[in-house]
Each structure stands twice: as C-alpha cells, then as structure tokens.
Amino acid sequence: MSDAAATVRVNGRDEPLEPGTRLDVFLSQLGLDAQRVAVERNREVVPRSQHGEVTLEPGDVLEIVAFVGGG
Amino acid sequence: MSTTLRLGDHELSSRLILGTGKYASLELMKEALTVSGTEMVTVAVRRVELGERGTGAFIDYLPEGMALLPNTAGCYTADDAVRTARLAREAGYSSLVKLEVIGDERTLYPDVVGLLEATETLVKEGFTVLPYTNTDPVVERELLERGAAAIMPLASPIGSGQGVSDANALRILRELFPDTTLIVDAGVGTASDAALAMELGADGILMNTGVASAADPVAMARAMGLAVEAGWLAASAGRIPRKLHASASSPNEGMISS
Amino acid sequence: MSTTLRLGDHELSSRLILGTGKYASLELMKEALTVSGTEMVTVAVRRVELGERGTGAFIDYLPEGMALLPNTAGCYTADDAVRTARLAREAGYSSLVKLEVIGDERTLYPDVVGLLEATETLVKEGFTVLPYTNTDPVVERELLERGAAAIMPLASPIGSGQGVSDANALRILRELFPDTTLIVDAGVGTASDAALAMELGADGILMNTGVASAADPVAMARAMGLAVEAGWLAASAGRIPRKLHASASSPNEGMISS
Amino acid sequence: MSTTLRLGDHELSSRLILGTGKYASLELMKEALTVSGTEMVTVAVRRVELGERGTGAFIDYLPEGMALLPNTAGCYTADDAVRTARLAREAGYSSLVKLEVIGDERTLYPDVVGLLEATETLVKEGFTVLPYTNTDPVVERELLERGAAAIMPLASPIGSGQGVSDANALRILRELFPDTTLIVDAGVGTASDAALAMELGADGILMNTGVASAADPVAMARAMGLAVEAGWLAASAGRIPRKLHASASSPNEGMISS
Amino acid sequence: MSTTLRLGDHELSSRLILGTGKYASLELMKEALTVSGTEMVTVAVRRVELGERGTGAFIDYLPEGMALLPNTAGCYTADDAVRTARLAREAGYSSLVKLEVIGDERTLYPDVVGLLEATETLVKEGFTVLPYTNTDPVVERELLERGAAAIMPLASPIGSGQGVSDANALRILRELFPDTTLIVDAGVGTASDAALAMELGADGILMNTGVASAADPVAMARAMGLAVEAGWLAASAGRIPRKLHASASSPNEGMISS
Amino acid sequence: MSDAAATVRVNGRDEPLEPGTRLDVFLSQLGLDAQRVAVERNREVVPRSQHGEVTLEPGDVLEIVAFVGGG
Amino acid sequence: MSDAAATVRVNGRDEPLEPGTRLDVFLSQLGLDAQRVAVERNREVVPRSQHGEVTLEPGDVLEIVAFVGGG
Amino acid sequence: MSDAAATVRVNGRDEPLEPGTRLDVFLSQLGLDAQRVAVERNREVVPRSQHGEVTLEPGDVLEIVAFVGGG
C-alpha cells in the first residue's frame, strides 16, 4: 500500500520503483546504457527517443534486452 | 549473375553469414569472423542481466562494419517472435530480421503456421523478413506471398552437421523460385557441405555451429568462407556432365610406337 | 600438418594440380591456370608434328615458374610408359613423372600389373614416381614397396565428373597409409567434389576435364583452387560430429516472457 | 512388433498399398495387384461419364476382397478435399480416406495449412484420416493432434521415382513418433527404395507410379511386394553395425601351413 | 533373362548364396539357411582337430541338397590358395571354388596379382573358379581371360556392412561384361543393400556376416532371400526414370467443381 | 419459364429435368447404378438410402461420382 | 634312430608313426572318417581312392582338413 | 641401294637421310629446337648433350617428342 511497496516487473523480477520515475532515469539507475538496449513496456516497444517522456507506473512489465551471440 | 548478395539495404561481398553463438571465447569469435570474410552476422535478442555491467561486451567484439542480422531464435509462438523482432529493430536501428518460430524442441523445425502469421505481421510493419523454414515449396510460396524478402530453408536440423539432407528439395526450390534470394540456413557441418549447397543453387549460406563448435573454429571459418565462394563460382561455371565412363584428358594421337 | 605439399623437389603452396589438356584455346588455359593458384601442371608427351614450326607454343603459355609433371597418358604397356617417362625426363630436365599404364579404353582404369612393373623400373632409374591407380589398398602398398613417392587413386573414372564414387575407399587409404602423400587423381567434377576429397584425407587433387571442359573454365579453375584449400582447412579444423537431432546455436536462457 | 498393419478396420498382412492409376490396361492392373500381395489399394473419386455405360468396370477388375482406400487427389483446397472425402465414404461404405490437399501443381507438395484444416473437419465427422504430407515433424504432430490415424510423409515427389530423398527426415519421424503408424507415400521408384524406406522405420509403403509405369508392371509389383516384406524383416532383425574395415567370416585358425 | 543362376553344374533357383561362418549355433545356422531359400553355401577348409570326434557335425547341419561352394578364405598367397582349393575338391567331390587370395589383414582386400596367378593354375586343373575380387574392370577382364567362371567384386569390405560403396563401379562392370556372371561378394549389411546390388546388375549375391551377425539371423536371412529376388525382378522390370518434379497418379480430369 | 426449360446441373453440365423427378429415378434415367455412385446435391451428400425420398428441384447442382483408378 | 622315434607331422604337430602304416589305417587310428576329410601329403593331395595304397614314411608332412563354417 | 634411298624412320614416317648426318644437324633440318624436344633413337633416349656426337644410320628409328597439353 505504501509507496515503498511500488514495483515494476523487469525481465521477470520485481524491482522497486520510485514514484514518478522516468524510463531514462530508471535505466540509468539499473546501470544500463540506453544506446545498447531495447525496452518493451507492457508489450509495446518504447523507442529510445521517448525514454525521457515515459513515466513508469507501478505494475508495469518491462522487458529490457540486448544483442548476444546467437545463430 | 550478381557477384554480391543483397539483403535489405546491405550489399554483401561474401555470401557466408555466420552466427555468433557457442564460441569458447569472444576473442575466438572475433578471429573466426574476421578470417571468414563474412560481412553479416546473426545475433540473438536476450534479456540483459541486471546488476552486471558491460552488456555491450559482445557487440564490441564484432569486427568493425559488420552488418547485424538479429534472429528470433527460441521463440515458439508468432507473438513472441513478433515482439522479439520489434525489440531487435529498436536495439539495432535496422529492420532486418531472421525470423524463427520454432515448433519442436528436439529438431528445432519451424512451426510453419506461426511462421506465416509472423511474417505477415512483420512485413506490414516494414520489416525485411528472412524466415528460417523447412524445404516445402508450398510453404516457401506462401512466405513469399506474404512478403518475405528471401527463403531460408534448412539443409538439415540446426546444429546437426548433417549437411544437405535433401539435395533434390533444394534443386526444386531453385527451379521453382529462380529469382528469389535463397539462403541455406542450418545443418552445414563442413566445407564440402557448404560448396554443395551453393552448387545446388543457394545465394548464400547461414551457419553457426559448424564453425563455432569445430575443434579449430578459426580454420573452419576460413574453410567455410572459401567453400561458399568456391561453390558459388562452380555453380556459375557450368560443370561438366556426369558420365559413366572415362574421357581422356591427354591427346589420343601422337603416341610413340610400341 | 604441413601447409605445403612436397612432390619431388617441389614445395607447393597450392594443393591443386591441374592438367593442361582439352582447353578451347591456350589463352583460356593460361588464364585458368593463373587464377586457380596452381603451381604444378601435368603435361603429356607426344610426337612433334614435322613440318610445323612452333612446337614450343604450348609451353610458352604456361604461367612463369610453373612446375611440370609429365604424364604417360595413353600408354597401355609398362614398356611404353617407361620409354615415355624417359623421354619426358629428357624433355623436361626433371625426374618427376605421373605414371599411367592404362588397362581399358572405356574406363581408362589402370593396368595394375603393368603399373607395378613400370614403377619398379622407373624408381630404380631415379624417377620420382607418382602412379595413377585404383583405390585398392593392396595395390597401393605394393606401389609404395616398389618406391612410389605417393599414391594417386582415382575418385572416379578420368573425365567422368562422377566425383568421389567411393568415399569409404578413400577413408581406408588415409587410415592405412597415414604418412603417405595421397593425391586424388581423376573424376572430380565440381568444387564440392574437390572439397570432399580433401576432407576425406587427400593431400592434394589432380584434375583436368572438370576445369578445362566446364562452360567457363576460368571460373571453375578459381572455384577448384578455393575448394581444395577449403577442404584442406576443414579436414584440419576438426568438424562437428553429425547428430540426428538439432542443437540450438542461440542461448536457451534469457527469453522474454510470453 | 506386429506382423500385420492395422489401418482403420483393416488388418493387412501385406504392408504394401498400391495405387490403381496409370496402368496401360485394367487386365494389367489386376495381374499386378494380384502378384504384389497387396490387400489395400487407393482409388480416386471422379465424376461419372454420363452416357457411358459400365461405370463399374474399374471396380470389377480389383481382386476379390481388396480393401479400398479412397483418396482426395487433385483437391487444392480443404473444402474440395472434405467434399470429396464425404462422397468417397458414400461411394465406398467406409470412412477410411487418404487425404490430399495439394498446394503446388509441379511438385504436388501438400498445402499443410489446408491439410490440417481438412483433417480436423473429417476426424470430427468420424473419418479415419490418413494424410499425405511432407516430412516436417511439426506438421506431423499437428496432424496427430487433430486426430490423424497415421502420418504419410512423402519419400520424394509423387511419381518422381527419386526414392528416399531425405533418409534423415524419416529417421527423425520414426524416433519422434515411435508408436504412430508411419506410411511412406510417394516417390518410390524401385525395390531397393522400398526396402530402404521400411528399414528407416516405415510401417508400410503406398505407391503407384513406380509399379504402374514400370516397363513390366507385373514384375515390378511382385518386386515391391517382396521388397517391402524384406525391408520390414530387416528392420526387425537388427542389422550389423557399419565398420570401416573388414571382419573375416571364415575362421582365422586352422589354416594349412605355408 | 534367365530365372535361374548357373554356377558350375548347379542350376540355382535362389540368387542368394550364404556363408556358414559366425553363427551363434549350428541350429541357428540351419534355420537361417532354410528360411533364406538359398541353395548354395560357402564353406571353409580347415585342419581337423585331432582327438576330437565328430568332425562331420558342421556338414550335418546343412539343409539337405545344399550345394557347397568351398572357399580359400585366409590364404595370403596363390600357392596356399591353390593347395586349399585342391583339398576342397578332394573333400567335396566338386571342382567349384570361391577363390580368395587375401592381400591385407585389415581390409581383406584381394591380392590381385596372386589372384590372377591362382586363377590361371586352377582353371588349368579343371576347377570352376569364382574369384573374390575388387571392382577394377581391368582385373576382372584378366580374370576372365584366365578362365574365371564369374567375377565376384566386393560391394565393400568383407563383414563391414557398408553396402554398395561404389554403385558406379558395379554399373561399369555390368556394362563392360554384359554376359558374364557377376556375383556381388561381401559388404552387404541389410536388405536394401542386397536389392540395390541386384538392381545395379548383379546376377547373385554372396554374403555371410550380414546375416550371421544380425541380432536375429533367421529374420535377416529371410529378408535377404526376399530382397535378392526383389532386386532381380526390379532390374528386369524396367524402373521408371527419375524426375525432379512430380507426376500425378490419379486422373487430372473429372474433379468435382469447387 | 416452361417446364421444358427445367434443368439440373450434373457434373458441370445442364441436364433436362422432368418436374417431380426423384433422385433414384433420375439416376436410373441416366443409366447409373446407384450402388456404384455417390451423389452430392447442392454440396451435401445424399445418402443412398434417401435417394427415393429426394425430389430434384430445377437448378439443383449435382455431383455424381464413382471410384476410378488413382494413386 | 629307433623305430619309436618315427613321426609324421600332422596339421603342424608331430604324431608317432608305426613303420609301414598305410594312410587309411592311420586316419582310422586318428579316429577320422575318410569320407569327411581331405588329405595332403608332402604338398600333394592324396585322393581318397588311394588311401589304401599309400604307406606313410617318417617325416611325411600331412595336412588333414575338413569343411567348417565360413563365408 | 643408292644413297638417295637412305632413310630414317621418324615418328612413324620415313624421312630421307643424308649419309653421315649428325642428330643435331638432323633436328635442325627438321626445323626443331633441340631445347624443346626429346629424342629416342632405337628405343634409347639420346641426351641433349650427345646430339652432336651421334651420327644417324640408315634405318634408325627415331621418336621425337615434346610436351603438349594433357592431364
């Protein structure tokens, strides 16, 4: 109920969310370089250009991916 | 016959496309990619590991200027494949995708129904779709009708090293779709497999395990680069017909007398 | 594994040896030889045409520095082959000879009894004898016991383009004679044949018709040069084992959730 | 291992199913069917010719007691195939159907999407559906999930005589679906093809052109009957492993002294 | 085309000749021989064990009326083979001999020089010589010129189960020697191998390990008997040509309207 | 308009139809043995047992088929 | 020198020989059925019909063989 | 009988021979470059270094060969 309980689901795990956190800030808090990852929020890709305009909501489901070796 | 392979916006001098999975080290991968002569590599899309720095490490080991072909490996539904492709486009600034919708864990054969659906969706969204598929000509036609930019039939199951299991099937595809880009994707185990696939009419070959899991990936990468070019040249050179009997290569006249 | 092929006094960077017969023109031959990368070519020994000037024309079209491997093609007896070899040594200032004693006009299979006899005679006279033979391991051993410098089994009949007719036979030869120079001589029709023969253990390949009679001999010559190197590298690289089923090349973990 | 093949209500002693098309005469067909030992034949469903008497002639030439397996050959949509199957059931008093939904005129490959749809419809209507299909294991699984009574992959295109184009694919199907009835349908050209298909795990073989268009259909029919049984027995007998080298079959001891 | 196989004085209904070595028991051998339908078996010649009674036991387990074909297996010189053949004639009251002069222990390939010598000697002594040989057409011709009654090329090394390693070689032999009795001897591993060898032109097949060392020799013996007959019939029946594409086996006309 | 113009479509061709003709009679008029054919009327199979109960209507589309050699 | 030392070599082993033993008797002593074996004496086959006429000599080399299973 | 009738057999054909002609001269008369051919005289190779020392005899059988394209 308290703000402290607010989370977003990131790559299958719950992560704490400061109310009003923007996506670009959130990525930065996670130590991620936005140029190297892609983000899906609630099944929609968030273009890199909009990272600064999107405010995360409690309960959001994020997928944050990058390229890895594969065939 | 064009001497380069066009895929999306890329004009490739080498007709070999290599995967980047399974290498013992990133250094080894880099060296293998370099000696192979390839100009395009496949990459997978996976969740970043939170709490780990340096997610960019992998990308940094790709030789400079390498074109990326993201795949949707591991996706078992059209929906997962479509979402993965969208993320790949966002990650890579490019709309090229190797589309996989897998239907079976042991054989990694495609689910062609899901593949057709995902192809249709992604083409409408502007992707250049390169679908990994079986060798069924009816499936290939339906993929092309939905806008696939190429057909990518398997030579044999992914990573199996069986080489060209069904040469006749590749011949049929080449004949039915003479103007379609045809990439043989999966199953190549050694250089002669690659040369043969090209001779049967492939425009290019995509492989990963055959190189990355060889005892010496660097030597095999070089071998594959040469073999793909050899097979391409041989296909264009017009080979001699097969005959049951012999045909002398030295003159029959002018022998000294016995 | 040595990266050059030693034959007699020659240390060859390319493991492809090309014949010089059957080209539509000497210019075409020269270009094909050049692009193939070969450093040794076979030549036949024939009576000069009296009254015609310019018997040297043929030789003049060989790229500079090319090593010559005279053959005894067309000889049906040990005696003819021996005399032809002696003339070749006199003509070419070198004691290297590709020894052919032919036993059948339609298949151009060797007469192994005559071949053994001629090998013995020529070795005693100081020749470096490279005998064209069948794939019989007992014959190979007897040739080696008489001093042959290499074994040169056919892949399939001369000029037939059948490729490697009996892969198992080549595997057996490689295993029985691991330290012997093994040149596959005859039958190769296209690049994948050449790569396969090398992968089966050949140290080099000798061919003529497959290149000279291709629709585009220059393209095929280049293809063969690449394929021989590809096959050699692949053989040394340690190919992946063949499996019935698939093995994923992208990670199984880290998929986005469905 | 069962020694009979169960298909619908039929318990067949012979694992060869023959088509009835393309024979030069009905007499020849009858003799071929008789000597083959087959107990089930495929038949097509076609419009009767009005104004011609004797539409029953064809049926009268089938050996007594022969089980009929109507097909939907020539149908290019699921709807046509379903209607044809219903007519076949009415004509033949039996709900067994060889289901074909064709997707390409030149290769006669199935349209797997239509095939899945028609299978589902007909199974719900109580048919015993034997679908002609490609060798894709994902397609086979989906057919089985929709209630197909067997899988009937092609060995190679219908009437092509290419035999088993992809032995590995058949091995995979046998391993993935060990308890499913697997009939190889199409492409068999000669007796060794039939024996090989059985050894790879088929429970039976369906063929038409290989017999009917042979120079001597009666001899070929007998050959196919024997070959199918031979292949079945060999598969159950547990063949010797393949080895590179030899293994003497006579004792090594007790030789007379040299 | 004759429906029986003539070898020496024997007119055989079955074209399968079986060896009698390597069976787990004499009872099993007897049953396998019986169900195979063979009418001729090979036997080896070995020193009797002194002090043991019942040297006749083996012979007593051969089905009644079975023709015997003694071999010279294990002989590594022409002289040993000739002496063994003479003893065989004395033991068996018949001058038929399967002549083996072995040149290599691992591959059991023949020593063709010794084989030619022994053939010449034995033919002069009135033997009907059936020489086990390689697939070299020049060797075959020389054997025939020395009076061999048939040629018996190997399909692959004795006991290896590799089947027909070089189909082209058998085709060549059949074409070069259309009227010669050609028995494929050695290497057959399963029924389809046997059928294929017959289709390539063999008049009969001699095998041992493929049957005796199968998990179930009786089932395999039956399979081989059927496969040899199937292959023989198929060869005479005139198979359909191979085509890349399909050819419908049901009528194209008379379809119901869509 | 006249009765004479009444037809049914049989196997892709128009055939004259006497008004009130039952299917079994119609087949008999065509010289067909009902035991050896199967009939589809307007895309529905008419079971043999109902041939005597079905009266053809002008404009009906019939498919009348039998088994032929096929593979 | 003594008679007791007289032997023939049979299938690679020395066997004692009574002076003047005929081949048919010798085979019988060995328990062999002449109809089922073949005999080579000093590299020459001795036809069965002559077994009663051949007297073995000390030092003779005999090969006595029979058919066994082989391929 | 006369000198004019003297010939040598060269590559299967009779060629006139001036008495006392040396091999090097003979080759030259035939327009051949000794560096590019090899010569067999009566089944024995004549080394190039001895061309000037060998005098041809009537009835000699010569094979004069060169390299040509072959495989």
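Here the chain labels run A, B, C, D, E, F, G and H in written order, and each chain numbers its own residues starting at 1.
Quick note on the criterion: a contact is a pair of C-beta atoms (placed from the backbone, for glycine too) under 8 Å apart; a residue touches a chain by one contact, two chains touch by 3 or more.
Only a predicted model underlies this, so the values are computations on that prediction, with no experimental measurement involved.
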Steps in the shortest chain-to-chain touch route ending at subunit E and beginning at subunit A: 2
Between C-D and A-C, the pair joined by more C-beta contacts: A-C
Chain whose average C-alpha position is farthest from subunit A's own: G
Chain of greatest Cα-centre distance to subunit H: F
Between subunit A and subunit H, centroid-to-centroid distance (C-alpha), Å: 94
Centroid spacing, where centroids are CA-atom means, of subunit E and subunit F in whole angstrom: 63
Subunit D-subunit H separation of Cα centroids, rounded to whole Å: 74
Two or more partner chains touched - positions in subunit H: 12, 40, 63, 65, 68-71
Residues within subunit C bordering two or more other chains: 19, 21-22, 44-47, 71, 73, 83-84, 87, 106-107, 109, 157-160, 162, 168, 172, 208-209, 212, 244-245, 248-251, 254, 256
Touch relationships between chains, expressed as pairs: A-B, A-C, B-C, B-D, B-E, B-H, C-D, C-E, C-H, D-E, D-F, D-G, E-F, E-G
Residue ranges of subunit E in contact with subunit G within the complex: 18-23, 26, 29, 42-48, 50-51, 53, 55-56, 58-59, 68, 70-71, 73, 83-84, 86-92, 158, 206-209, 212
Subunit A residues touching subunit C - in the complex, by the definition given at the top: 12, 40, 61, 63, 65, 68-71
Partner subunit B, residues of subunit D touching it in the complex: 103-104, 106-107, 109-113, 116, 134, 136-139, 141-142, 156-157, 160, 162, 165-169, 172, 176
Sites on subunit H touched by subunit C in the complex: 10-13, 15, 30-33, 36-40, 43, 45, 47-48, 63-71
Residues of subunit E defined as touching subunit B within the complex: 168, 171-172, 175, 244-245
